[in-house]
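First subunit A sits with subunit B, and in the next complex the same chain sits with subunit C.
Moving on to the complex of A and B:
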């Protein structure tokens, strides 16, 4: 074996070992969660360390209980509502705002452009108490729509930042062509910028959805009425309830995780696809 | 089709003046070329005409009506960009029809016009392709087609050939000229390539530092350059230009340069005692036997372009380039004698042509 071939096979070995190592670290809790949610309660109690899953004894009753007896249908709808509205608002505002700071000239443009990320200097935990007080006084606290506002404030800076960087790569001449061909400024955004920004918009949407879907701190602090709980808040409610049943919590956790996972698998191809190739000279 | 009039166009970007007081008149159906080195403001001027860049001063008129308050889409102009700027997410047919669609033209009409234009440009077999599936030359055609299909009042072309390879560029240049004589549209064409300007333009506008230095027919600009910039910018190899003074030798005026002096023949202008720049083009020099009034120069280098030869020579410290037939043979360091065609002399005073 030549030295080069040897080096190459060693590197390959290290790479495989590394991937395996991290895959196990990430996948193991996930696996445990799914397996635990599918096993009957007695079996978990009798043999909690058993990681295997007996396919003849798969028990979906935990999912049924969580969804219908513990109100998780409601929580899923609430979470979907919060997340989808947040994504829609975040995409709209970030597209218009990101376009404005990249292409339009106005007073304070560069300050605006650079100060977008300043909001990230304040961790959520610093904001949650004052916001709790403010929203309590205003009587808005126990409300899903207030959560949307908070999530929007959390995601918009990154969304703006991501879209701004992407818009900068789009050629100006193409927009000029659109303006001459008969588009208004909004027409250019709608017919040219947005179709070409599909990969960036997809990643912004995914990012925003994940933040809104997974967020716990504000949901925990702000929401009191079980009818308004989001999923993450619901799982905690369930885990803290008196007759805690492990497989119910596991089933609830699967319900929280699965949509994000599926969403990511679906959007992944959009994230990597570059669409501008072929626009310009060549 | 329309006539275009620019009156006193001025534009600043921060502290630098991109355009200062540009006046221009392009008659209906004329092919006008804006020519100048990069950074001379020619592309900015084109953007001002299109309405993409608002001017600080002056007015743009189409057919005698000011269009200053109109957005680009309302000016009824079409533009071909250097980078082509095709919409990558649309097929060729959609690219061509986009402007019509934005103007609410019925679908059937769009389809017909797109097909007509594509046929005219020989790209009708590409209509269902996306821009990334096209070659550079094909993209260029699509960009042209997108402008043509709308039949606008005015065509603006911003260095449309500069991304093509040399052979293709020559072909497309010819086609463009044919297309223009066929369609008789008003065109404003920006380029830094003097060959494009001279071959395409019915009217050439030479620009420098945001100002028009000379406007005229290509042959006028070549034969009677208005100043030393135009004189050296147009023509390749460039005009020989020497600084010196006109002196009197008896009754005859004589040019006295740093390295040589030359009898000016029956120069009618009274420039005696004035400092001038004297210019003559490489083709207005002839190689002769040594004699009275001939100019001896030392051959330095010969560039053979195939159809002819350019001989770079030295007079003392100064350079002189001349054109010779392709069969001429000289060796470096050889001394040759020249006469200069006195009827083709260019005389500039303080940089400006006098005659």
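Moving on to the complex of A and C:
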């Protein structure tokens, strides 16, 4: 056997083993989250090492408890509200801003790009205490709308940066024709830029939605009133109060994870593109 | 219309189009950093937040002295560094492995690529609670399975035991168990980030490089070390810088996994513990300033060496 052939067969083996390894370590926690949410507490206590799921013993009561007794319907609505409003604001402002940066000439353009990158690297833990102090002092810390503004600040610079990169690749001819025909700048954005940028807008929207939906630190620090909790905040609250019922905590975890994973599966292509153009952080 | 006034109008329009973004960033990023510096130089407790004490001009370095002279500061800093470097390197290493595995064309590749990104997409609260549950010494499937099948003699409290003494063929080994578990989690959760960037870079390497090397008789391993790896140096070092910055400042993961118990206390948790454990907002802000200082240093390095992750 030549060295080439030997190495090839070694690589083949490594590849199969490696793929199996990654598939298991990635998929197992999600599998276990779902299985445990469907299994009654006694079952978990009696036989914690049972890897399979007995379909005759599926128990959906945890979902009922979490949704109706622990307020998760409210948390789901709150999370949807926060995420959707953040997406709408971030997308609108980033589109207008991204247009200005790529199509209009003004001083300080390169400064803009640098400051966006710096803000991209900015971690939440450095900002959370001063913001906590300011909003506590002013008396509206415990507010879902303040949370939206915080998320907007976290997502907007990167959203603008991503759209800027995309707008740069769009041909100028149509826009110029539009301007000559008497379209205003906003008319050009609405009629030409937005339709041409659908894929980029989709990936920015997904990215922003994900950040807002998953965010933990600010929601945890800012919100005191259970009525205002987002899902992440609600899961932590639940885990603290029903310490022993793993089934409830896992059901709540499924509720917060499933929407984002499904969204991601449907739009995987956009997300991957968005991430490699600097969309992700954390 | 003169060219000058056209430029002037464009500038004005650009200003108004960017004003909302600037306002948001100013109010929620820039002002807080300055405000944080102010609080870090004052004695502020959690009870002072409603009053005017916040605005009194009584500055001192007391908070910084308190933070630096804390007997645990050195330990916390060391833990933070081990956690940060360990977590960053592990996530990049796993990301590199995953990217190399998925690089070649095969059936089910797209599915696998989607699956590999899941740890990064899922909400942090859900995955930390799930891992805590899996690793739980009493109810956790990992320990029970390992004990049932004779792989372990007794369950290991992965996230709540500070030291684990191992005896490997007569050689005693002491590992910081909880810290080690937290680093493993970090590798699991953030390898997709490295994976995506490395995969994108791999796919940009021209095929001719490999063809030429094959013709010259280079074997697959030689091709990896002499062609692939050198092509990845830039992306790997940029990834390390980014992961280092973000892991150094990471709060959520350690807080949710261990609350900083069992030797996993890192600096970002100090920010929280000072504020809500000791009700000392001043010391909390001072700790945040220390984190900010390290961040500023790394941002400086980033721009100094002109490394860019995109564009």
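Going forward, the second predicted complex is superposed on the first by the 239 of 282 C-alpha atoms of A that agree within 3 Å, B and C clash if a C-alpha of one lies under 4 Å from a C-alpha of the other, contacts with A are read in each partner's own complex, and residues count from 1 in each chain.
Heads up, the rule we're going with is that a contact is a pair of C-beta atoms (placed from the backbone, for glycine too) under 8 Å apart; a residue touches a chain by one contact, two chains touch by 3 or more.
Small disclaimer: the values here were computed from a predicted structure and weren't measured.
Asks: Quick one: is A:54 in contact with subunit B, with subunit C, with both, or with neither? Answer first, second, both or neither.
Replies: Touch partners of A:54: none, neither subunit B nor subunit C.
Asks: Pick one for A:232: touches subunit B only (first), subunit C only (second), both, or neither.
Replies: The answer is second: A:232 touches subunit C but not subunit B.
Asks: A:171 in the overlay: touching subunit B, subunit C, both, or neither? Say first, second, both or neither.
Replies: first
Asks: Quick one: classify A:181 as touching subunit B (first), subunit C (second), both or neither.
Replies: Only subunit B is touched by A:181; subunit C is not.
Asks: Comparing subunit C with subunit B, which touches more residues belonging to subunit A?
Replies: C
Asks: Looking at the overlay, what does A:7 touch: subunit B (first), subunit C (second), both, or neither?
Replies: It touches subunit C, and subunit B stays clear.
Asks: In the overlaid three-chain picture, which partner chain does A:126 touch, first (subunit B) or second (subunit C), both, or neither?
Replies: second
Asks: Name the contact category of A:224: first (subunit B only), second (subunit C only), both, or neither.
Replies: neither
Asks: Both subunit B and subunit C contact which residues of subunit A?
Replies: Of subunit A, residues 275-278, 280-282 contact subunit B in one complex and subunit C in the other.
Asks: In their complex, what parts of subunit C are in touch with subunit A?
Replies: 7, 10-11, 13-15, 17-18, 20-21, 24-25, 27-29, 31-33, 35-36, 39, 44, 49-50, 54, 97-98, 101-102, 104, 110, 112-127, 129-131, 133-134, 138-141, 144-145, 147-148, 188, 193, 196-197, 200, 219-221, 242, 245-246, 249-252, 256, 268, 271, 275, 281, 284-285, 288, 291-292, 295, 298-299, 302-303, 309-311
Asks: Which residues of subunit A touch subunit C in their complex?
Replies: Residue list for subunit A touching subunit C: 3-4, 7-8, 11, 15, 18-19, 22-23, 25-30, 32-33, 36, 44-45, 48-49, 51, 93-94, 96-97, 99-101, 104-107, 112, 114-115, 118-119, 121-134, 136-137, 139, 149-150, 152-154, 156-157, 160, 165, 185, 210, 213-214, 216-217, 231-232, 235-236, 239, 246, 249-250, 253-254, 256-257, 260-261, 264-265, 268, 271-272, 275-278, 280-282.
Asks: Any idea which subunit A residues touch subunit B in the complex?
Replies: Touch list, subunit A to subunit B: 171, 173-174, 176-184, 187, 192, 195-196, 275-282.
Asks: Can you check the complex and tell me which residues of subunit B touch subunit A?
Replies: 47, 50-52, 71-73, 77-79, 81-89, 98-99, 102-103, 130-134, 136, 139, 146, 150, 163
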